[in-house]
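Following this line, the structures themselves.
One chain, chain A, appears in both complexes that follow, with chain B as partner in the first and chain C in the second.
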Partner chain A sequence: MKYDIVIIGGGMAGLVSSIYLSKKGYKTALVSKGDPICCISSGCIDLLKTDDNPLENIGNLPEVHPYRRAGKENVKKSFVYFKEMMEEAGLPYYGEEETNRTIFSPIAKKRETALVPMSMKEADIRNGESLHIISFKGIKDFFPGYFTDKFSNSKCSVYNDAGKTTISIATQFDNSDFRERFFNWIGDLNISEDKIAVPAILGTKNPEYIMAEIESRTGKKIFEIPTLPPSIPGLRLFRTMKAHAVKHGVDLFWGDAISEYKEDKNRISSLIINKPGRPTIIEGKSFILATGSFVSGGLFAEKTDVRETVFNLPVSIPEEEERLNSNFFNPGHPIGKAGIRTFENYKPKDSKLENLFIAGSILENSQIMKYQCGHGLALVTGLEAAVNCEEYLK
Partner chain B sequence: MIKTDVIIIGGGATGTGIARDLALRGIGHCLLEKKDFAAGATGACHGLLHSGGRYAVNDPEAAQECISENQILRKIGKKCVEFTEGLFLRLPGDTVEYRDKFLESCYSTGISTELYSASRTLELVPNLNPALLEAVKVPDCSIDPFRLCMLNAESSESRGGTILIHHKVIEIIKEKGVCVGVKAEDQFSGEMKEIRAKVIINASGAWGSQVARMSGSDVPMSLSKGSLVIANHRLTNMVINRLRPASNGDIIVPNETVSLAGTTSIHVQDPDNLSISHEEIGLISREASQMIPEFDSVRLIRSYTGVRPLLKGGSGDDRAISRGFKIIDHKNGMFSIMGGKLTTYRLMAEKMTDRIMEHFGINEPCTTAEKPLEGQDDLSGYPLSKRLKKLDDIICECELVSRKEVERVIDKVGTKFIGDIQHRTRLGMGPCQGGFCTYRALGLMQEKGKVTSDESIRVLKEFLNRRYRGIRPVLWGDQMREEQLVEGIYLGILGLAE
Partner chain C sequence: MKATYEHCIRCTICVENCPVFKVNPDYPGPKQAGPDAMRFRIHSEDKVDKWISLCTQCRRCEQVCPYDVKPASLILESQIAYVKKNGAVPTQVMFSNFHFISHLASFFAPVANFATSLGIVKKMMKLIGLRDDIPFPKFSFNTMQRKKIKPVKGIRKAAFFHGCYLNANAPDTGRNIVKLMQDLGVEIIVPEQVCCGLPALGNGNEKKASSFARKNAAVFAEKVAEGYDILYSCTSCGHSLIHSFPEQAGTQGKIVADNSWNIYEYLEKLIEEEQITLRQQDVKKTISYHVPCHLKGTGKPYPFLNLFKTLPGIEIHAIDDNCCGFSGSYGFKKKNRDTTDKLGRIAVNALLEPQPEVIISDCGACRMQIENFTDVQVCDPVEILRESLK
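Then we have the complex of A and B:
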């Protein structure tokens, strides 16, 4: 199997770059050893944590941050690309790059983000608006008291007969009999509050049709509150993008790790996937590495050193002293700076590999927790790396 | 204002042990602890019920106390103590001379020993260093210090004693030069309480000097920091020691589902300001892996450190200071009990209580060596069969703690503190170190009206900072992956960053 581009890593960066390149007519493969961390995220696309204009504030980031290299215009372009792509894929996103929207965390804390899925569009509530919280009996990861404590004019109703985990309840919502029972129940509540809030469990697919029915039965707008992993909005985002990639001709190699790569005159020529029984060889003209940071397995910390897990690229890490003197709410652990150092064109520094490009949180100094820019950074650098890869192939 | 006979300052093994002893002898008392039970050296040790072997050669008196208390605690605290037995390994480089001296000293102090060949030893614990030469078996045990303190405290409370945890003594009230009571601050509400008594016992371990100074007295102490690490697995079913003079990192103790290894011994000044360096962790891992090679690559889930409150001696080496204990009568209504160790906590409590009885002129003998700790079945460790029965609704997936169990503890203890649930159920003690379940436990407390939602968020933040301090020194491998996930949950999804 020979490809123009082989992308390693099935998270946001890998998916978006594979879709972009495949749409451009390149023969594209996406290799992932498993489902990405993206499917336990809130499903929102953070650009940058700020009370102000997130796009403008990119200028205030340290010069070494990957956003600075991409520049405001390209960040904007990437976000617009994403919105169009998700519209086409059937899971539309809302929001502007110039203003953050508000969503609620499961402990009723307000949190800023740039783009939200349709199910969180109504979360931007105005002062004084009252909420009706819907919870589920025995649910593990949602405690409505955080909301009823915070909003004195709110009420809570508990649905008795669903499941205890978010994923089991969401699966129930995929079933029309269950939905009908739930619709009847919520209709009978005669909700008088301004809006309805519910933990994010309204089905594993785009919940637009469920929300529309609830709105028609109650006369109220409804929004979802993202919960702890496994998070349904993250799952919807990932599944939709994966299906979209396949639809656009991306070949997926899913579920097995890369065991080795072959090199020919400073170029990676192929990857070998350790499929049980028979190894699969994937040949490519160029490669994009988007395997993420530690949590996704792109980086691995040994006791004294950090290694990159596919090509053994050199990794830059913050000083030990900085790491040891940190606290949990630094915020963002200093180790989030660890990553691959790259040139302007996203090729790795200190490596002789010429046909490799790096994208996503594995990039040095991305610090996605500190700046709250996870999906945004993956999206922007995924597309940037793809564009540079395209240049290289020309 | 509370009026009683005796005030005990300190909720470690010694303090709670004294509370139980006083209760059994019918003396009214009030115990004050600024944090949770076992928050000092009691909870920051190996959880090793010494046979005395470790002290046999250099400190025969301490060794004798250990073996006699070891036998008593195995009897009165069946559910707190796991009779694992222990091995002292002789590895290449450890001398025959020391072995002989060890066997001789154990014999003369009454510690039973058996000498095992290398092959016999490896049959018992197969993952030991295959280069070992031989081993001596002794009756070392694993003990749960948290459960021990809680049971002692329950004994006291059920007989009318007052136990106030999370109450910090701010002032010792003196009248005409005599201590007559204390002022204590509720660490949660900030409320001040005044407690009056005839006698004050200072059982505050490493904080002993600070407390004594409040009454205008002084106690000569030397503080020695010891750090330990927790490995993800139960690597051995027996306690493993090195057959050589006591040194750094030469003990591994199995505890429930995990193993603890340590310690170091570093002289410190301030018991409230401790940190763990990478060198310490490296040293412990290296030493432990000499006994169990797997220790070098095992996943470490946390490190912790505590301070041994040792009696000041002449020599500069803290390991050379006797692990014996001492009672000091400050002649102003306050007594301090200093030194000692977890294994001899009951004996210390007995001697201290004897002095109080003498002081009061009452003749009532100690019965703590015979009466089993009450309520043990309720707090009985880790019976997997019991946990698996309620598998339908698990709050802590690592340690299989059910919602019912957590709710039961909240109802019973009425707790505002996450530690109270952790120590009673093992919630949050597994690989993710409370990454998922702490939020849930606090949510349940909040649901039951024990804390407001703002308070629960404050407690959650404190917990995350404390947890991170323990994890920070062992951040590599899978623990690093886990940490980034937990960071994502709390800073990202929950939006806890300011």
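Then we have the complex of A and C:
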């Protein structure tokens, strides 16, 4: 199979660049060895951890950070692109690049993020607002006690007639009979608190229609709280983007790692997946590597070295002194700087491969844990790499 | 480096994709049933539990695992160990030997079909653990093996692996596939064959599955030596040919795996090699395509869809998020009724959403299950391709 662009990595960076390029009319393939970290995430899009204007604060990042290379304007453009794309795909997002909003973590800690799915729009509660927490009997991945302990003016009601896991309850919410029983129950509670909060289980698809019905029955605004993995909002985000990519003509190769690649005059010509039966051969004119950092398997740490797992590209890592002197448990350990060094046009610096572009957290100095910018960085660099790849193909 | 159960980081991505976990609280999900429990199963500790049989072997967990851990394979291993230790229950014996039953039943087809509809027989079936509330598949006397189409010389030679369902339960569909290939210039033969072995494996009988695989591999490897390619239409048979045969039938098994083609993938290849051209007319229909789990598991763009990419009028909605819940013999068992029905309902609701005129699926068992929930016409994808070639 022959493609204009082959993207490696099915996470946020790979998905957004595949959608962008396929929409532009390029024959695009997306290769992933499995589902990405995105589907166990909160489903929110972080731009940058700050109490202030996240977009402006990009200027305070180290000069080597990928956001600095992209520039404020392109960061903004990428976020706008994402919002328009999600609107079109049927899972709209809410928020601005200039202000962070707050959401709750599963243990009632507040945390900042830039964009939220509509189901978490109301989570940005003001001081003094009272909450009515809805929980489910025996649910394993959500603990309402954290919330009722923290907010003295909150109350909790427990629904007895549902499953015990987020996945099973969300599946039940897809069913109209179950929904009707739940709507009747919640309507009868006569909730007097300002807002209703539920663990994120309101169906496996965009839950806006379920929220609207609850709001009409109770007269109160409702929002979802992300749960421990499995995480339904993350799953919704991933599945919606993946379906959107397929709808726009992206061919998916899913479930197997790339075994080797073929090279012709400093250009990658094809990827090969060896598995039982005949190998799968994916030919392309250009390639984007968006396989993520350590957790996603794009980088692999050996005892003394760090390896890039697909093309064996040289990986830049911080000096030993810096690595070993840091407190291991502090957020943002310097090992987060490890990654691929690239030129302005997202081509790898220390490699002779001419038709390869790098995107996402595998980029050197991205430090997504330290700056809390994972999904945002993936979007921005995914689109930037795609634009440069497009330039190259012209 | 091959990943083992120890490479599992417990991210729960497999759990998110497990159909049984969604609807059956008795099943702990692929993470616990596979890699988690594996630690207790080594050192000959007796820790294989009854719920292990609740896994349908849809293998969705293996496709989504980002660390290349194979939960379904670990579970299958444990399912086999469980049956070895505790003995097979009647339904397991029956479905391990379904090949022989379907042979017998097709020979006595009218009697067998009459019998399976009788109250007394239904009661007996219920007694051994089968469901009596869904129709048992009807058997045909004129199986693919009994009524063969004479091969005609063509540009390529191919041997068709039809499997049990097309042979005994839907032989006309099977013969339509053969005719279609013949019309396109492929010299296609239907060699003598037995079951692919998947039902035996799923019911804990590894030995029987291997013996089936060896028998088939001997026949088909010889055909490959004579210049034939191997074609399959049933995606679960295809899964066996490619994934199980190399382990079960050695060198001959590997020859089969390397030379087996999904029929539409084969057509795609012949078109690409400019050996054939499809003169397709537009089919002005809205179609929902239930992608079987074992087709999704190939991890490649669906070849049937690729054949229709250039036709503007046809609207095919490929839906691959749902397991129909039937999973071959799994759905016939009384103990799985609730799981099977709930998953069937979810799958069919999704298929009906685009308001299709026809629902298609490559897998005979999926089609049977879908028919239990809707009056919309359900057929094999080959019928749509035939329609477009008229």
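Structural remarks
Following the convention adopted for this analysis, the second predicted complex is superposed on the first by the 382 of 394 C-alpha atoms of A that agree within 3 Å, B and C clash if a C-alpha of one lies under 4 Å from a C-alpha of the other, contacts with A are read in each partner's own complex, and residues count from 1 in each chain.
Following the convention adopted for this analysis, a residue touches a chain if its C-beta (ideal position, glycine included) is under 8 Å from a C-beta of that chain, and two chains touch if they have at least 3 such contacts.
Note that the structure is a prediction, hence the values are computed from the model and not measured.
With both complexes brought onto chain A, simultaneous placement of chain B and chain C is permitted, the two fitting side by side without a clash. Touch criterion not met for A:Lys247: it reaches neither chain B nor chain C. Once chain A of one complex is fitted onto chain A of the other, the partner contacts of A:Pro229 extend to both chain B and chain C. By the touch criterion stated above, A:Thr280 is placed in contact with chain C alone, chain B being left untouched. In the superposed model, A:Lys33 makes contact with chain C only, not with chain B.
When the shared chain is aligned, no partner comes close enough to touch A:Lys349: not chain B, not chain C.
Judged by the touch definition given at the top, the superposed model places A:Lys164 against both chain B and chain C. Computed from Cα centres after superposition, the angle at chain A between chain B and chain C reads 90 degrees (steps of 10). In the overlay built on the shared chain, the residue A:Gly297 is in contact with chain B and with chain C.
Across the superposed structures, the minimum distance from chain B to chain C, using CA atoms, reads 5 Å. Contacts of chain A with chain B, set against its contacts with chain C after fitting on chain A, overlap at residues 37, 40, 164, 229, 297.
Those residues of chain C whose C-beta lies close enough to touch chain A in the complex are 11-13, 15-17, 21-23, 25, 62-68, 242-243, 246, 257-258, 260, 297, 299-301, 318, 321, 346. Residues 37, 40-42, 49, 105-111, 138, 140-143, 145-146, 149-150, 164, 226-229, 231, 293-295, 297, 300-303, 320, 323-324, 326-329, 331-333, 335-336, 369, 372, 374 of chain A are the ones touching chain B in the complex. Residue ranges of chain A in contact with chain C, taken from their complex: 1, 33-37, 39-40, 163-165, 167-168, 171, 174, 229-230, 235, 239, 246, 251-257, 273, 276-278, 280, 296-297. On the side of chain B, the complex with chain A involves touching residues 275, 277-278, 282, 392-393, 395, 403, 436, 439-440, 443-444, 446-447, 452-454, 457, 461, 464-465, 467-469, 472-473, 475-477, 480-481, 483-485, 487-498.
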